[in-house]
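Below are two complexes that have chain A in common, paired first with chain B and then with chain C.
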Partner chain A sequence: MDQLLQHLVNTLIMGGTYALLGIGLTLIFGIMRIVNFTHGELYTFGAYMMYFFATILGMNFFVSIAFAIAAGMVLGALIEFTLLRNKRGADIDTTMLLMIGAWIIFQNVEQLTWGGIAKSIPSPLPEQPLTLGPVSLSWLRAMVLVVALALIAATYVVINRTKLGKAMRATFQDSNTAALMGVNINAIYTTTFGLGSALAAAAGALLGPVFVVTPTMGDLASLKAFAIVILGGLGNISGAAIGGFILAFAEEIGAGYISSGYRDAMGFVIIIIVLLFKPTGLFARTERVG
Partner chain B sequence: MLEIRNLVCCYGKVTALKGISLKVPANKLVVLVGANGAGKSTTLRAISGIVPASRGQIFFNGEEITGLAASRILARGIAHCPEGRRVFGQMTVLENLEMGCYLRTDAKGIADDIDRILGLFPRLAERRKQIAGTLSGGEQQMLAIGRAMMSRPKLIMFDEPSLGLAPNIVEQTFNIIKGIRESGTTVLMVEQNAFAALDMCDYAYLLEAGTMALEGPGERLINDPHVREAYLGAGMHA
Partner chain C sequence: MKRYLPIIALLFFASVPLWLHDKYYLHTLVVAGIFMLAAMSLNLLLGYTGQLSLGHVAFFGIGAYTSALTSLGFSLSIFGYQITHEPWPPFIGVILGTAVAGLCGYLIGKLAFRVRGAYFVIVTVSFAEVVRLVALNWVELTNGPLALPGIPPLTLGFEWTGYMTFLSKAQNYYLVLAFIAFAYVVIKRLVYSPYGRAMIALRENETLAVSVGISVTRYLVLAAVFSGALAGLAGTLYAHYIQIIDPMIFMFLNTVTMVIMVITGGKGTLAGPVVGGLIFGIAPVILRNYVGPEVQWILYGVLMILIVYVLPDGIVPAIERWFNRPPTPAEKNGSSLALQTGKGRA
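Let's turn to the complex of A and B:
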């Protein structure tokens, strides 16, 4: 029982960052119909930016997180502006190939810039773990959970409670009609890609200090993000948030009760099961006819 | 108020409009009739800046608006109520109306206009928090019209407002459109239901395969033998 509680706490912590990754990816797919293979690289980029601001420049830890997220947003907006802007209306295969190419380039640039040796980011939080009855967790991981939840909440508010969010949802549902309402579709696309990328960078900046930072860390993050998005249903934002926690739960339980070697395999087991039994995702909306 | 001169529009290699000209005077209800694929919707889409004009010019209140972004054209006072209603199906009635005034920033005026439109369409007022996709076809059409009115347009364009609606709802929709014209807003309407459209309009244009075939007051087109034969299904009675 105590062990299960500990697993549940771990689930929450990983789930928060997985949810960030998933929401970012599903947002971009839902609104732009772009399968964003650079998503994992934005995660890596966020982690390296965290290393750059916090460790190399020695800036405040929390300010560094904010800067890393902002850098991710800028890079995402640049990707959209330079690579995707003039591919509007191109078929999904074209943009997919383009994004795969960008993924390879980003990864190699990261390797070239930072070298292949893993970097660690020391955190200023107390080393002594936080003990709550039978459960213990480090202050760092608790911070990761709190920041991730705050970012999920902020994303929810932006999408559901602001004028920008309303324009994004309108574009998602019918971009032509949104344009007739005066929505600048190009600006919405750039913002969406920036926002989705910022969430990936946030996940990287948060997990960078927990693990270590390497140029290829984004590959697995990318695959997991796709698993979460498939789980939640393509384009479904709350589905992606819940999907993040389900994946984290499956990984924890798989690692804890089967074998820790199976942790990363759990995501793919889930993809296979979901695609077999509910290919539209667990939370698919009923399609509107006519 | 609106004037089009020699407008040419192409989709890839297909020329949808082959140089049409048209005038919509202020405070009039002008209709554009024609068969499927004649280029009626393309004309409206070109006016709103959704489809680029390959050649020709569009003027609004004496100023050229050819090539302007859709948001600029809307800001000048041209609203477009698209074919098939196109309400935002996953948003509430209220959110749809708010999308209609996306470019406006006068909170007080917006609140007043929402009240005014909900007063005009009591069915929508009852359903203001309901998701638009769950409304009936007629209610969605009212919402689409209300949404287009939210930008306080000087000219409002309707694309096939009767499409897919029950006959009594069609009549109601046309009455609303006549009411909009009477309240001082200029109307340009595309309609396949040629008889009803010609009957209610001040002036009409007949579009055939991307060219203007005929124009004149509604009653003249109704009595034109070619129009009767091809569009009003009156051939066999004559």
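Let's turn to the complex of A and C:
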């Protein structure tokens, strides 16, 4: 029972970052319909930016997180602006090939810039774990969960409660009508991709100090994010948030009770099962995909 | 002229080991040929049915592992039952590897073709990742990350003819070349058969194809079986040539290599994967004199983006268009004029 409680706590922490990854991708893949293989690279980029600001420049830990997220947003916006803008409306395979090309470039640039040796980011939080009855967790992991939940809430508010969010939703429902109503849809496309990328970078910046940072850490992150998006239903933000926690739970239980080698297989098994039996996702309200 | 081009190319490539004796270059060509075979199989799905399978390396790896385990033998216990397999000759491994990969193509086809487009891509990627994790973690069977070393080279022949072991680079070169020629003919016959027409019809307009009575599942699954078996065959050749395999064979980058070969050469053309395979088989040899592997991959990525922007159909259709282009006004008015203006500018 104590072991199960500990697994549940771990689920919450991984789930928070998975939810960030998933929400980021549901904006890009679910709403913009771009099969974004660079999502994991933005996650890696966020982690390296965290390393750059916090460890190399020695900046404040929390300021570094904010800077890493901002850097991810800028890079995401640049990807949309340079690669995707001219191919808007192209079929899904075309943009997918572009994203695979970009993914290879990013990964190898990271490898060249930072080298293949894993980097660790020391955190200023106390080493002493936080003990709550039978479960213990480090201050760092608790901080990760709090920041992740705050970012999820902020994204929800931006999409559902602000004018920008309204413009986004309008653009992706019917971009022509949105344009006629005076929405600058070019700016909306770039902003949405930037926002999705910023969330991936946030996940990287938060998990970087927990684990270590390597150039290939994003490969699995991309695929896990796809699993979360499919689980939650395309374009469904709360679905992606819940999907993130479900994936984390499945991995934690799989690793704890089956075999730790198959931890990463859980996401793929989920993808296959969901797509075969409920392709609209677990929380789909209506069919939104064409 | 165009009809004889494949035969001329075949004769040219058959002559290569006669004048190229450098072992490293021959090795490069053998590996390029194996990946070319895999790219040809991917082209069947991506080019002719229009379904992008990004898990294609799974078939390649399944073929390689099946053949390696058949010829090495293994012993494992499942639910208390002890299963021991004595080593069999490698050519049986090649046949079994091809068959098992084709069977996986059937199963994946049956499952994955319930979904299309981006979903299909993601199901195939997931399939390849699951297979990679099984190869990594089922240590009792696959030796996990410790790899399967000492895979015997392919041996062909009967008692009354004597045996031939494919050990040297030149022997393997001819073996791979023969399989490429074989696969080329099989794919050509398939594509120009009613089955191939049905596949192309499904690519062009699925709704219309269904309305005239073409069974979607049947033809897509057929393509997946062929494609999987051919990729598995390439994998078996790889295993017996390199003689050691590990779970790295399932790397996503291997699938990306095949995809780049197909889209650069021209998807949906017979010659496309061959041309793409040659370019990306030989490019590393030239590039490695100047740049490291990272820069090489960056160049591949840049090239992929450029191809999508500049030559979305690939090289082969572009060349065909160039030869079949209608004459320009300058050419119609007599080539002497065009020549003169050219001279004037120079």
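Keep in mind that, in the parts below, the second predicted complex is superposed on the first by the 285 of 290 C-alpha atoms of A that agree within 3 Å, B and C clash if a C-alpha of one lies under 4 Å from a C-alpha of the other, contacts with A are read in each partner's own complex, and residues count from 1 in each chain.
Note that a residue touches a chain if its C-beta (ideal position, glycine included) is under 8 Å from a C-beta of that chain, and two chains touch if they have at least 3 such contacts.
Remember, it's a predicted structure, so these values are computed and weren't measured experimentally.
In the superposition on chain A, contact of A:Thr177 is made with chain B only, not with chain C. Once the two complexes are overlaid on the shared chain, A:Gln3 sits clear of chain B and of chain C alike.
Using the contact criterion defined above for the overlaid structures, shared-chain residue A:Asn60 touches neither chain B nor chain C, since it reaches no partner. Of the two partner chains placed by superposition, only chain C is touched by A:Ile92; chain B is not. Between chain B and chain C, C touches the greater number of residues of chain A. Once the two complexes are overlaid on the shared chain, A:Ser136 sits clear of chain B and of chain C alike. Applying the stated contact rule after C-alpha superposition, one finds that A:Phe226 touches chain C and leaves chain B untouched. Judged by the touch definition given at the top, the superposed model places A:Phe268 against chain C, while chain B stays out of reach. Once the two complexes are laid over each other on the shared chain, residue contacts for A:Ser120 go to neither chain B nor chain C. According to the touch criterion, chain A has no shared surface contacted by chain B in one complex and chain C in the other. Those residues of chain C lying in contact with chain A across their complex are 52, 111, 114-115, 117-119, 121-123, 125-127, 129-130, 133-134, 136-137, 252-253, 256, 259, 263, 292, 294-295, 297-298, 300-305, 307-309, 312. Residue ranges of chain B in contact with chain A, taken from their complex: 48, 50, 69-71, 74-75, 80, 82, 86, 88-91, 95, 98-100, 102-103, 133, 147, 151. Per the touch definition, chain A reaches chain B in the complex via residues 163, 166-167, 169-170, 173-174, 176-184, 285, 288. Against chain C, in their complex, chain A makes its touches with residues 29, 33, 35, 83, 86-87, 92-94, 96-98, 100-105, 107-109, 111-112, 219, 223, 226-227, 230, 259, 261-262, 264-265, 267-269, 271-272, 275-276, 279.
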